[in-house]
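Take a look at the structures listed below.
Two complexes come next, and they have one chain in common, subunit A, joined by subunit B in the first and subunit C in the second.
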Partner chain A sequence: MRRYFGRKLLIYGLTFFMAVTVNWLVPRLMPGDPVASMLARARVAQPEAQEALRVYYNNLFGFDLPWWQQYLNSWGSLFRGDFGISLWAFPTPVADLLTRAVPYSLALLVPSILLSWVVGNRLGALAARRKVLDNTVLPVSYVLTATPYLWLAALMAWGFGVVWGIFPVAGGYSFSMTPSLTWAFVADLFWHWLLPFASLFLVALGGWAIGMRNVIIYELESDYANYMSALGAPQKLIRRYAFRNAVLPQITGLALQLGVLVAGALVTEIVFSYPGLGSLILAAIQNKDFFLLQGAFLFIVLGVLIANFIIDVVYVIVDPRTRVGMAGAAA
Partner chain B sequence: MTLEVDDLRVYYRTLKGDVQALDGVSFPLRDGEILGLAGESGCGKTTLGKALIRLDGRMKHVGGSVTLDGQVLPIGDDAKMNPYRFKHVSLIPQYSMSAMNPTRKIGRMVRELLESRREKLDLDELHNRLDLVELPKDVLGKYPIELSGGMKQRMVMVISTLLNPSLLIADEITSALDVSTQKAVVTTLKGFRDRGFVKSMIFITHDISLTNQLADTIMVMYAGKLAEKAPASTVVNAPKHPYTQLLISSLPEVGVRYADKRLTGIPGNPPSLLKPEPGCRFRDRCPLAFEKCAEDPPPVEVEKDHVVACWKAA
Partner chain C sequence: MKTEALYFAIRNTKLLVGAGIILVLLGIGVIGPFFIDKPPTEYVGMQMQPPGGEFWLGTNTFGQDLWAQFVHGLRTTFLVGALGGGIAAVIGMVVGFLAGYKGGWIDEILNMLTNIVLVLPTLAVLFILNAYIGVRSAGMQALFIGLTQWPWAARSIRAQTFSLRGRDFVDLARLSGVGSGRIIMREIAPNMSSYLLLTFILLFGGSILIASSLDFIGLGPTDAVSLGLMLQQAHQWSAMHLGLWWWFVPPGAGITLIVGALYVANVGLDEVFNPKLREL
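On to the complex of A and B.
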């Protein structure tokens, strides 16, 4: 058990290292100079003043150092919990921007991933045993799972927001309101949250339902199910066993899908102008904001790694076979 | 009389038509009798075994009846058959290695299975029976994957006979085992019968020499029909049906060297059962075939308890 988690932690550590390195490298490979655009925004006419500002900015962000020193410094500040200062929203620290955005992203991601997984599995299991449901759930699921996140999001924003005007199409809450802990504000938050959540939930739902249906059908024809039927066990018990065993590959699927789901959520946030990490990343890219981009990606990487680790732990709890593999089988 | 099978017909549905895998088989099985059911692949022995407990989705009950302890089994009706399963008819399957749910501890699985049949688990009795097959009590707290193949096989044997069924069907249970384990399994099954855990048994196998060690009676099937049924020693020493004779003669004998005389086997293949021609189904491979074989040979009791379906034997 200890060796298993030790190995897992090592792998996660390596992944984290690689991710941080790539995150550091990629923004710096983008064409364009962020300091130049900041100077352009500052509208300084005098060449001397401009030069002085350039030197000040370059020194402030450390761009005057050799690249390897910049890289090492970025690790150093990372461990101090310092994400740097945003270039785009200068002089707001990146950490402040992130703490404002992360709750919105989590509020979208966690419920949509978990609910779509739970509901999709139930739906798939039902479809596996009822012909009528199978003939309706399956085609709908195929359409949903083949739908790109942003397309469904755009369609819903247009339909429910623009055409029927039921839902707001942008923002985390109404512009006329100030954040406070009142029922009116919470209701407003919920109203804004509903459409982006629904589009994420629906697209993910189809995939889980299809997967579950197929695995359940396979499990119901397995040897242990046949043996139970031959001994006259009621279908209820056999289905319970089959469902429990069919959930296992779905848990693995969840671990594999996390990255895709997060990416989908980022795009969806942009469509709905939802003030989460996705919108932040878009702004960072458009303004060549290295530090903000690095910080946002770091959060995503950390989130996906933590979620994967939780799934690893859960898997060990629910599947005895993984535990046996760790301890060595008894004779 | 425990079991009375009368003119049982079970066909397989396929896209090309019905495969007549079990085509009119009748036989009785007495209390305490162990019947060895032998024949080559595709002769209908597994179909017969399945027909007595659970038809799978492709099989259909076309005709004939099965009577167990005076009650007619509703073998064509999956739901109505449920009350009889496990309590009256039980099965040790071919696939003992994977017959138990991999994610439940064995003890819990047994308890849930019994509860679902509204039976109480007698833990002392279960422990006794585990003792009998030399399994430690703590297997009940283990997952199937923690057991070796032989242990799983014995565990399934204990589970299947837990409710003392009248009829136990053991379907090819020794096929995947080595010879010493086969012997142990056969001894255990005999012990189950002698202790009254099961009243009578049908032991399905393609291994005639193994059947001979266990069975009181051997029934040889060919292409969905009964070929010969007789006490075990008669089938082995004085078979009457040409198929049985060829089958026995193609077995190697202990102490005989086959350097000069090669074992031949039976030339040819069994006929297709999709639309079989009338007449004896063995006649294309039979060295004794003559005109009369174009008619179906009826099973005839040539002497007491010795039934042969062959025009030459009768």
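On to the complex of A and C.
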């Protein structure tokens, strides 16, 4: 178990290291003189912003410093939580913008990921080896999993928001409201959250159902299942054992899908103008606010790594083989 | 063996339906642009026309012909999918074969690299790459997508290679002095050719989905029209609020059809190659 976690943490550490390095290196790979071209591309109106930008860029690129010192400095500012100043929302620090947006993104991501995983697994397990269900659940699942997140979001916003007019199509809460801990505001928040959540949930659902169905079929054909049915065990019991075994690869699958799910949430937020990280990234790209973009990138990487680690812990709790140090989980 | 696969292929509904849809859409994307004499971004007619006789898919708020955009977009989308999926498949094969066949420290290093790129949220990496280096062509976009999508392919190819490595025919080839590269190409790869094809198809579909997200966020190619870019423009000029459903429904449906057909064809092919899965 110590070896298992040690290896995982090593990989996550290296990944974070690589992400920070990429984040540091890519601006330096830009063709031409980066400071001049970025100043030109930033199109900042206020002179104080322009000046701050020039100083910051010169600091960041630090032409008078050797490259290794520039690199170490970037780590230093990272550990101080200094992501720079946003140009789009000058002079708000990038870290403030990001921490304000993260709760909205998490509120969308966590419930939709967990619920789609649980419901999708149930659906897939039900469908496996049951002709009628299989012929309905499977095609629907394939359509859902092939749907771009942004398109389903756009369809739902148009259908429920514009045509029927029962749901709001933009924002995290009504413009007429100020954030407060009243029932009216919480209800409003929930009402704005429902559509983006539903579209994320639906697209993710299909993949889990397909995966679970395939694994369950494989498990139902395995030796232990045949042995049990030869002993006359009820079909329900065999299915329950098969389900418990089939959940393990689905947990691994969840870890592998995290990046895709986060990406889906980002574009869904953009469709609904939901005030999370996705909308910030769009604003950053449209306004050439590179600090904001880089900060968002590091936040996302960090979030995905933490989520991966949580899944690893869950895996150890669920699969006893990893605890006693037997092979069990593949690295 | 070949004729046997063909025998089951032409009797597999999933494969036929999936491949049929893809061929039709591919045909529209490849041949269609030749029948449209004006560039897809030209202002050709009345603004906000619903689908009808002259403009099959209507026009947008600028009076651009959406059918022309759709046809050209299909071409770009297929191109990005095939190129991105192809690049990812090649990298995944090289890494997977090398790691699985060589083993030892090469395997350790490549496996570590695979795991690192696997946990990186690739779309976020692509934001950074695209925003700084600037992707202005569909080829560049495909290259970046290919460079980030290979890890899971490498991982599964490595596992397959690992199980083939100890077989007698591989040992025999090694004893007779055949080099590693030749063994991989002549002994190992042919034994998992069907699996490699399935991997490529999945990477193909995945690349199309990622490209559509990138386009939508405003990091798409600037020298081409793609289905994702149509969606981005529809959103940017609030087609949803204006009720111009013909602007954003067809491109999304096109992407869903292509990717869905690829997945279904993939399941069909799997049944053709794998006797265990056949329903007779």
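In the analysis below, the second predicted complex is superposed on the first by the 269 of 331 C-alpha atoms of A that agree within 3 Å, B and C clash if a C-alpha of one lies under 4 Å from a C-alpha of the other, contacts with A are read in each partner's own complex, and residues count from 1 in each chain.
Keep in mind that, in the parts below, a contact is a pair of C-beta atoms (placed from the backbone, for glycine too) under 8 Å apart; a residue touches a chain by one contact, two chains touch by 3 or more.
Please read all numbers here as calculations on a predicted model, not as lab measurements.
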Touch check for A:Asn245: first (subunit B), second (subunit C), both, or neither?
first
Have a look at where A:Tyr227 lands relative to subunit B and subunit C in the superposition and call it first, second, both or neither.
first
Partner chain in contact with A:Ala19 - subunit B first, subunit C second, else both or neither
second
In the superposed model, which partner reaches more residues of subunit A, subunit B or subunit C?
C
Pick one for A:Leu237: touches subunit B only (first), subunit C only (second), both, or neither.
first
Which partner chains sit in contact with A:Ala125 here, subunit B, subunit C, both or neither? Use first/second/both/neither.
neither
Touch check for A:Val203: first (subunit B), second (subunit C), both, or neither?
neither
Taking the superposition as given, does A:Val271 touch the first partner, subunit B, the second, subunit C, both, or neither?
second
Answer with first, second, both or neither: which of subunit B and subunit C does A:Pro320 touch in the superposed model?
first
Which residues would you name on subunit A as touching subunit B in one complex and subunit C in the other?
331
So in the complex, which bits of subunit A are touching subunit B?
222-224, 226-234, 236-237, 241, 244-245, 248, 318-321, 324, 329-331
Under the stated contact criterion, what part of subunit C meets subunit A in this complex?
111-112, 115-116, 118-125, 127-129, 131-133, 152, 205, 209-210, 212-213, 216-219, 228, 231, 234-235, 240-241, 243, 245, 248-249, 251-253, 255-260, 262-264
Hey, which residues of subunit B end up touching subunit A in the complex?
53-54, 56, 81-87, 90-91, 93, 95, 98-105, 112-113, 116-117, 142-143, 145-148, 156, 159-160
Touch list for subunit A against partner subunit C, complex
11-12, 14-15, 18-19, 22-23, 26-27, 29-31, 142-143, 145-152, 154-155, 157-158, 161-163, 169, 255-256, 258-260, 262-264, 266-267, 270-271, 281-282, 284-286, 290, 293-294, 296-297, 300-301, 304-305, 308, 331
